[in-house]
C-alpha cells in the first residue's frame, strides 16, 4: 500500500483522518498520523491545499475549517437546514404553570390575568401568556370594564384545531371537586335542551307522555 | 527478554510446573494444582478434548477405565476448595466419557445401527464445537468499526428548530384538575359541557364585537344554520356578557333594533 | 439558498449527511432530508452515483458502503494503519470465550444461554453476555416457551454494521470438520472384541484394588 512519502498521499491520509474524527484535530494530532518526521509548516501547507481542493470542487458539501482546538471538516452552513431534519429536536413540554393557565383560559374564558391568578393562587408569569399567544392558542377578545380595563383572554380556533377539537364543548366536562360544600342547582343549557326536545316530542303529537 | 519469550510460548502451549503438556493428559486426569492452568488455557472440556485430539492424536477411547474412574473420584474429593462451578464442566465431561466407555463394554444386540454408537453424540458435539470455534476466530479477524475501520463523522452546525410543545387532551385535563383541586377550598363550580358552550360563545361574541365595534342583536344569531340549542346558548352568552359588564346592550326606543357594543366605560 | 430540486444538489445534501452522520443512514433517514417526495429508486440511484463519484476521485480517502442498517462513508481499509495512530486506546478485542459466545449467537440465533452452554460445554459467564449487550451487539428477542421461559438472544444490526456486513448471510461460512475426530469406522466385531478385552482388564483392576 501507499507510502506517505509524497504530499498527495499525505493529503489523502489527512483527509481521511479529518473526515472520520469526531473532534477537531490539532497539528500535534495530525503529526502522529505519519511515522516520518514532518515539519509543522509542511503540515499547515498541506491543510491549506486540502482546504482549497475542497473549495474547488464543482459541487461541494463540506469545508475544512480551523477552530480553537484544531481543524475539522464541517458541512457548508447552507446545508444545515437539511441535515437538521435527520434528528429533529424532541418537542419540549410546557411547564405546569403554562398548562394550568391554558386550562383556566379554556374552561373559564373569557378571563383576565387576575381571574387566572385568583384561581391558581399565584401570580401569572407574563412570559407564559406571551408563549401561549405566540403559539396562537389564546388571544385577547376584549377588556373587562373595571378599573385598569384588564384584557380578557380566550382560546382561539387554532387551539381547537391543534387539540383536534370541534368546539370547546368537546373538552371533557370536569366536575371533579373533591368536596363540594353544597351543590348549587343551576339551570343548565343541557336542561334547556332537554326541555326543548321534550316540547318537540310533545308537538309531534305524542300525547302519551 | 528470553524469559518473557518463554512465558509467551507457555501461554499458547499449556504448561504445568514448567513442563509443556505434550503427552499429557493421556488419562484425562488433571492434577488439582494444575486446574487453574486448564481453566485459563482451554475454553472448557470440549476445547481440551479437541486440543488433545488435534495436537496429540489422542484416541479418547483408549483410556484405562479403572484408572480414570479412580482419578475421577479422587479429583472430586480434592476439588472441594477450588473453582467448583468451572471444574464441574470437566467432571461432567469425564462422566460422559466413562458412560461412553461403559456402554461400549456392554454386549451389543446384533442389529446395532451406526447411530447407536455411544460415541456419536460426543463426535457431534465436538464437531459442532470446533465449527463454532473456527467461526469465532473468523469473526475476530473481521475488520471492526473503531478498531480497523473508521467511519465518517464530520461536523455540522445543528440548527435548533424549536418545535412547538405538544399538548394532549390528557395534559390539559390534568392541569385543569390541578387547578380545581387547589381552588376547591374557596370556590365551587360545576363545569359541564353546556356551560363551556356558553363561555365559548362569550369569547366568540366578544371577538365579533371587537372587529365590528357595534352589532345588531339579531346579527349575532344565525337562525337558519343554528339549531334551537345553539341559539339558546348564544342568548345565554349575551346575558352572561351583560351580567359580567363586558357588553352594553342598547335600544333607542321600543321595537327598534337592539345593539351590542363592548362596554367602554 | 439552494433548492434541492435537481439531482446534483440532492447528491451534495446526501454527501454532507453521510459524511457527518456517526451512524449509517437508512433510505428512510435520507428521505427525511428532503421536503419533496422522492422515490426510493431515485435515492438508490443517487447513492450509486455518489459511490461512483468517490471511486473515480484521483486520490481518494473514503468509500461509500452499504451495511445492515444503511449507508455510510468509511475510510479506505488501507488507511487504517495511519488512522489507528490517532487513538491508541481503541476498543479492545474480545476474549476467546466472548467471541465463541458471540459466534454461537450469530450463527445459531435465536439461542438461550442454555443452548450456548450446551454447545461450548461450559457455563456462560454473565459478564460476557452483559458486555455484548452493552456493546449493542446482541439483544433479547423473546423467550422460549419452556419452563423458566429463558431469554432468546440474537445479534443486532449494530453488530453487522460494526463488522461491515450487510446481513447475516455475509458472515464467514461455517466450516465443519475436514476430517472426523474418529477416522476409522470400526467394524462391529472389533468393537466387541475390544470390549471383551476391556472387560477383562477392568475385572483384573477391580479385584486388585
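Letters A, B and C mark the chains in the order given here, with residues in each chain numbered from 1 onward.
By our rule, contacts are C-beta pairs under 8 Å (C-beta built on N, C-alpha and C of every residue); 3 or more make two chains touch, one makes a residue touch a chain.
Please read these numbers as outputs of a predicted model, since none were measured by experiment.
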| item | value |
| --- | --- |
| Most central chain, Cα average position | B |
| Most distant chain from chain C, judged by the mean position of its C-alpha atoms | A |
| Chain A and chain C: spacing of chain centres that average the CA atoms, whole Å | 39 |
| Distance from chain C to chain B - Cα centre to Cα centre, in angstrom | 19 |
| Chain centre separation in whole Å, for chain B relative to chain A (CA means) | 28 |
| Residues within chain C bordering two or more other chains | 16, 19-22, 62, 73-75, 79, 83 |
| Overlap residues in chain B, where contacts from two or more other chains coincide | 150-156 |
| Complex contacts: residues of chain B adjacent to chain A | 150-169, 171-184, 187-200, 202-203, 206-207, 209-210, 228-229, 232-233, 236, 244-246, 262-265 |
| Chain C contact footprint on chain A (complex, rising order) | 1-2, 4, 8-9, 11-13, 15-17, 19-22, 25, 29, 32-34, 59-62, 73-76, 78-79, 81-83, 85-86 |
| Chain B contact footprint on chain A (complex, rising order) | 16, 18-22, 24, 62, 72-75, 77, 79-81, 83-84, 87-94, 96, 99-100, 102-104, 106-110, 119-121, 135, 141-146, 152, 154-155, 162-163, 165, 167-169, 171-184, 186, 188-193, 196 |
| Interface residues, chain B side, partner chain C - complex | 43-47, 50, 53, 59, 61, 64-67, 70, 85-86, 88-89, 92-93, 101, 104-108, 112, 119, 123, 125-140, 142-156 |
